[in-house]
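In structure tokens below, several structures.
Two complexes come next, and they have one chain in common, chain A, joined by chain B in the first and chain C in the second.
For the complex of A and B:
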């Protein structure tokens, strides 16, 4: 199982370039807050252990990326709301930490569009002006929390309270993170940094065939093309993980988590019995660092999580 | 469905993409097909072919694209963008093509399911907040037990500002137009290079054009 490392393309320079902040603006995710609130809690727990204080704002709205990519709103709305949302951390003088690949991808892509096209920039600036806010200047940095966890991997390793010895874990990276190939710390075609994190927690990383496959739920295809393409796709993915002997899967996006966790019920009902708990990477880290299990919100999961984690709770 | 004619060709489409600022210049495409090779949708649904779609756009056959079922299949996973040697951001092209198709009244059946999310998000500035009281209670209970606010609530100020954005970006008007535009049915799918449309004489089956 060590073979995957030979192909590892993690860029140490990019990792070293990541900051180790003591304060970050936490960008809240709608799906995360509603479907898997344990993720939000876990992010705070891991942050606390690493000395990162997360500040949130009740003024922050939805990132609007989902509605944009479902073509259900005017594109200008997504540009304006990105500009507005990012003006909040800018005002606080903080960089942004995101725990949803969707929010991460949309914020980065839209912030890029805002600054590469003067017409789009004007849409954002006009919106902020009309709301009496300062212009968004574009200097605010946007990080996914998983990168920041990986940046401090040594510290995480030293903090492990529940070594996950023998637990076979597999990764689902999520497209909207990997699509940012110019900024990601790893190679989008063959990412391996989640596997490095599992090893640091004492677990056994498992590489399965459909590891790089997406969750199928983005841009609303889970609603419009569920029977036609999404279900066959998720079935392929989860069966390939089951064949590889995966006991637990982690995601870094509440949206992916919803697809891979909830749809197992349907896949099983249709004759392909599969039961692989899917949790967020931050939840896994928080668990290994000894966080009380009732704080991690595993109750929200459709595929039960505790059966595979129980033996590590003393 | 009428047979495709040479006169269907229009530069309008390519120009619209080039000036949109949203999608890249797809004239860089070298037709290598790597996008199609890594596409999870093409693996399941053989009539969906990203290389072919780019080709259609470059050939200016915009009527065929506008009425196509295929353009709505993309998962937006960006495998294609990660592998494209010409660095074309195909998902953004897809987003643009869908908007273009909608501006011709097509594709409503693939957008309608999301309008209710927009209506709700406009009220709450949060997407996906469920409406059913039982589900809301479940979420309240779980979140409270984790020491989080019972529900993810955006401040009144935040909601007011978000609604103002709907107004000043023309989204309210855009939505009104969307709902008032009559629907143009789409039923065109490509399979092995042939165009298939439902056969009126024999319901349920398809015939070649």
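For the complex of A and C:
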């Protein structure tokens, strides 16, 4: 058994407690839609193969997480938006699937605040009332699709059409999923469930030194920290992956993906040539399940993806 | 007839000393410990700071005195799980091998000692998960094996659990600066080529010869003391990558180690908490026994009529202090028994 497997602390009980829904509300990610539209498509494709239908709504707005991270909005505004956003799936009688760690973390946290503090709930209720919407009751459940995929790992394995034999893949889990330690299915310090997914797809998981280092996104792209602070950090992370022989990296958050993919151009320009394609875990799974490559939107990536995936396309 | 039997709960160094001093006056003492041998934590220690006396020798010497005094009956493998007042006496319930007995005593010394903070609560250090990460108490228990296994680099992390309000423990455990210096020096003595680092927030060595002891670890054994917290331990290629900050130099730091020792906090035992509560004895906000104010007590270890305490159940302390408290509690018990005698006559 490999070192990472011996250290695994995936919580089987939490995994077993996850549902295998046939319908979910798809909470769209602003960053996802703008930066990597292929991600959303991939989520739908994988969902379809697993028998999950995703319903969306044009009424849904941003989860407000990014604004909060950058202190750009008053928290009250975030509470009101969350209450409104979550009242939409509530009205449809659906639970929520997200494909962005940021949406996941903020929705969970804000929903918890709304639900546990009457004063906060009132902020949300007032907003919904003013908009003629139903009050948000706080019972809507929020899942990240990565855990729903892992829940049905066996089924996924049986559906693989393009086994990724020999492909060295490494994970970037992202802080905003793992930091939810009371609900995440894996341990924040040394998570391993993405590696299990790679193996199920026939690929070779690579554990690199900086796998738990932050992507630098929310602080990195000009909002709160200067380039001199963040670039060395991302450089360090990507070089550590390169040293470990990583050929492809996956994320579960369009924000992380943006930082790790787009910044490679700058890293290279500053003298550290690095080229590791970074895609969403759902894109990887959809690809392995045989989805047409054109639908996966790899053209949106800064670091070219196809050179490493081409050999699996018949 | 006047009941003059005394119960000492806990056969660590504090309880052993209390039993010895009470029995020296000819009173009957029952010394009870839930474990199979006397000595408490210290029976497992190689050496004791600062003189490096062997811990087992201290325990053996006291155990011999106890054995030689027929006034002390030792009950091992027996736990006191209930104390209740019975007139002016105290009734104790003993649980051993699933059977329960009770007995009445005129006075009780609570010397239940301390427990160890669970290293696992710091997920970032990987205790109980990453091979090579142990606690200070594990070091004492496995010292021989640890010193034998070749080590290139060892890292000691202090204040793990202690002084961390987020873990609910605002207090300093008082002795871990000393035992860390002791363990680091022992390691270096056994393996002079090993690189040994200690990460610290402060160095608190307020014991007689304490400062000199720690200095000697730094200057004579060349243990490298780095001021800063370790942020993370990351298992990498079979070794342990340490991510830390050197706050004196203002730089982040990385090194690979084979052994990481967490100086985990000394915490109150659950059994101390429940026994004290049963008798209406106050606990401090951390769950240690709370003494009554100095201005209101005739003996430093008295808690209430006939009930005394000694050792680490009151607060983290070193062996000497635990022994001193054991003697002080014995003095209190004897005074109390004498007073009862006079009152009965």
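Simple rule for what comes next: the second predicted complex is superposed on the first by the 306 of 314 C-alpha atoms of A that agree within 3 Å, B and C clash if a C-alpha of one lies under 4 Å from a C-alpha of the other, contacts with A are read in each partner's own complex, and residues count from 1 in each chain.
One rule holds for everything that comes next: contacts are C-beta pairs under 8 Å (C-beta built on N, C-alpha and C of every residue); 3 or more make two chains touch, one makes a residue touch a chain.
As the structure is a computational prediction, the values presented were derived from the model and not from experiment.
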**Asked** Between chain B (first) and chain C (second), which, if any, makes contact with A:23: first, second, both or neither?
**Response** neither
**Message:** Tell me the contact category for A:188 with respect to chain B and chain C: first, second, both or neither.
**Reply:** both
**Message:** Quick check for you: in the superposed arrangement, does A:14 touch first (chain B), second (chain C), both or neither?
**Reply:** neither
**Message:** I'd like to know which partner A:262 touches here: chain B for first, chain C for second, both or neither.
**Reply:** neither
**Prompt:** Taking the superposition as given, does A:214 touch the first partner, chain B, the second, chain C, both, or neither?
**Reply:** first
**Request:** Identify which of chain B and chain C touches the larger number of residues of chain A.
**Result:** B
**Message:** Looking at A:232 after the superposition, I want to know if it touches chain B, chain C, both of them or none. Which is it: first, second, both, neither?
**Reply:** first
**Request:** Have a look at where A:112 lands relative to chain B and chain C in the superposition and call it first, second, both or neither.
**Result:** neither
**Asked** After superposition on the shared chain, which partner residues are touched by A:141: those of chain B (first), chain C (second), both, or neither?
**Response** neither
**Message:** With both complexes overlaid on chain A, does A:199 touch chain B (first), chain C (second), both or neither?
**Reply:** neither
**Asked** Both chain B and chain C contact which residues of chain A?
**Response** 181, 188-189, 212
**Asked** Once bound in the complex, which stretches of chain C touch chain A?
**Response** 123-124, 126, 129-130, 232, 234-238, 241
**Prompt:** Inside the complex, what are the residues of chain A that reach chain B?
**Reply:** 28, 30-31, 33-35, 37-38, 40-41, 58-62, 64, 66-77, 79-81, 84, 109, 113, 117, 119-120, 123, 126-127, 130-131, 175-176, 178-179, 181, 188-189, 212-214, 216, 218-221, 223-225, 228-230, 232-233, 294-295, 297, 299-300
**Prompt:** In their complex, what parts of chain A are in touch with chain C?
**Reply:** 3, 7, 9, 181, 187-190, 209, 212
**Message:** Going by the contact rule set out above, which residues of chain B touch chain A in the complex?
**Reply:** 21-22, 40-41, 44-45, 72-79, 81-83, 91-92, 95, 98-99, 102, 107, 109-111, 113-115, 117-118, 121, 125-130, 139, 142-143, 145-148, 151-155, 157-159, 161-162, 164-166, 168-171, 174-175
